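Consider the two complexes below, in which chain A is the common component and chain B and chain C are the respective partners.
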Partner chain A sequence: MDIEALKEEFLNKDFDEQSFDVDADDIVNFALACGEIAPRYTDPSHPDFQAPPTFASSFHAGRRMPEGFPKIPGLGMDGGKASSLKHPIRPGVRLVGRTHLHDIYTKTGRSGPMTFLVMRMEIYDPDGVQLATADTSVVIRERPGK
Partner chain B sequence: MILDLHTHSIKSDDGRAKVQNYCQWIRAREIPIDGFVLTEHRQYDATSDYSSLASEFGLCILKGSEVETEYGHVLVFGVTDALLATFDFSDIRLPLQRVVEACAAHGAIPVPCHPGRKRVGMQAHVGEFGVPEGVRIVEIYNGGSRAREDEIAQTMADDLGYLGIGGSDAHIVSHIGRCATRFPATISNTPELVEALRAEDFEALTFKT
Partner chain C sequence: MTINRISDVEFGEELPVFTPDTSLDNVRRFATAAGWAGPRFTDHEAARAEGLPGALVPGIMSQGFLAAMIHRWAPEAQIKNVDTVFRAPVIVDQPYTISGVVTDIDEEAGNVEIDLTVNNEAGETRVFGTATVRISNPSS
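Entry: the complex of A and B
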């Protein structure tokens, strides 16, 4: 698998766009599930009510991978999530999430060689202001016995 | 002077610790080390400047790298621009001999790390590829290795006449200082670290419980 060729062809090109309507219940439920107790995350009447910082990672793209992306042989699994908040996410607005392939890299671990694919969703408010990014990593490892 | 020679910050893809938080943890928990070396995976972090943190916390903070070869992972101490130009640090299939020769040519020290681990440790590949030339030091205490893996590393070092260092391989704050290396001299910069390793006068330490 030529990683550099894949990067050249697929990196940093939006391949998905989704709209998300966030209401106060979504935020409260997420916050409580995370164990948050701060009122600004759990009480919609709080003057600074907003989503917890990791809320952006709850959004999902419609496509998992760019169209035409080749199948990388091996076992695929969740490689983790990371989110970065630039401005608070508040209820009552329609957000737009645009997703691109942000990085491809390889490494070796106890289980052998692995390829990591990092999808990044950039989340914008209706004015086009970027509120957050949410990275979803997929790790593909060699099948055991190889 | 005691240095943890193997740590990762958030600059590594799997690192979850900020350098400032390492410093705070070392002081708050009175971890018995005087500093640490950031050995980020498959890269050399040439841009980050930790000198103010080093001053604030009274710690020695140096930078190296951890690259990947057919013999497993290898720490590199004494990375320079010239060394960076000789091979691709992000390549996970670097020939160890090339790394060793490049380090020799540019005054750096290669140290195979966690050599007792399956696949990513040197011992697992000696049978297939033979004993590599030019290796003088290996990591015999690794904070992330299992006890059996450290034993394999120590046995290999004894059998092949290697010197041993210790490093925590910390990826999270609370793991820093689990293993380290004691030097008789004070070390305050990378050339002094390289010189101390070259002098072959050091002792691997483990604080794992």
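Entry: the complex of A and C
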């Protein structure tokens, strides 16, 4: 697998766009289930009511990978999430999430070679202000004997 | 101790240990709110049929536990980012504890770095995370 060629062809190019409507009840249930106790996350009547800072990680892209991206052989797993919040996410606003392949790299662990794919969704409000980013890392472990 | 200003934070300080609610009912509540209500998260039998040891706590819920833990320690903290690595599954209806330690303080910028771990009863780390948190002094 030529990682540098994949980077050249696919990195930092938006391959998906989705709209999201954020509901106040979903924010409250998300927050309470996580154990949040701050009223700004759990009480819709709070003047600063907003989604918890990791809420953006729940948004799904419509496609998992860019069109034409080759299948990397091995066992794929969810390797991690990263959320970065620039401005609060509030209910009643239609958001747009645009996704691109942010990074590709390899590592060799105790179980053998692994390829890491990092998908980044950037979330914007209707005025085009970026509110948050949500990264999803997919780890592909080469199957033994391959 | 609840933190209300960055000058109260000490390097190496351990956050109060947090025991998250991993019950099936609570995970279902989360999964429905997050739009992640697949059977592997909401049904032990369905998860076992997929070869899993039981229903999984979604990774994004573990990430949410870390944020909640920080807010319980510093209620007004603004979490700028949370980066999590999923090292092993977190299983529904099993007990876990979350620990956190302050690893850096930039008092001028108002930023605190925290390392966080989700451990099972055997003390094995299932999720590892780092967070950057802004905690202002009241006058700033």
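The rule we apply is simple: the second predicted complex is superposed on the first by the 144 of 146 C-alpha atoms of A that agree within 3 Å, B and C clash if a C-alpha of one lies under 4 Å from a C-alpha of the other, contacts with A are read in each partner's own complex, and residues count from 1 in each chain.
The rule is simple: a residue touches a chain if its C-beta (ideal position, glycine included) is under 8 Å from a C-beta of that chain, and two chains touch if they have at least 3 such contacts.
What you see is a predicted model, and the numbers here were worked out from it, not measured in a lab.
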{"item": "Contacts of A:Pro91 with chain B and chain C, given as first, second, both or neither", "value": "neither"}
{"item": "Chain B versus chain C as contact partner of A:Gly74, first or second or both or neither", "value": "neither"}
{"item": "Broader residue contact with chain A after superposition on the shared chain, chain B or chain C", "value": "C"}
{"item": "First (chain B), second (chain C), both or neither touched by A:Arg110", "value": "first"}
{"item": "Which superposed partner A:Asp26 touches (first chain B, second chain C, both, neither)", "value": "second"}
{"item": "Common interface residues of chain A - those touching chain B in one complex and chain C in the other", "value": "none"}
{"item": "Complex contact set, residues of chain C against chain A", "value": "18, 20-21, 26-27, 29-30, 32-36, 59-61, 63-69, 71-72, 75, 78-86"}
{"item": "Touching residues on chain A, where the partner in the complex is chain B", "value": "105-113, 116"}
{"item": "Contacting residues of chain B [partner chain A, same complex]", "value": "13, 41-42, 68, 72-73, 90, 92, 117-120"}
{"item": "Residues on chain A engaged by chain C in the complex (per definition of touch)", "value": "25-38, 41, 52-54, 57-58, 60, 77-85, 137"}
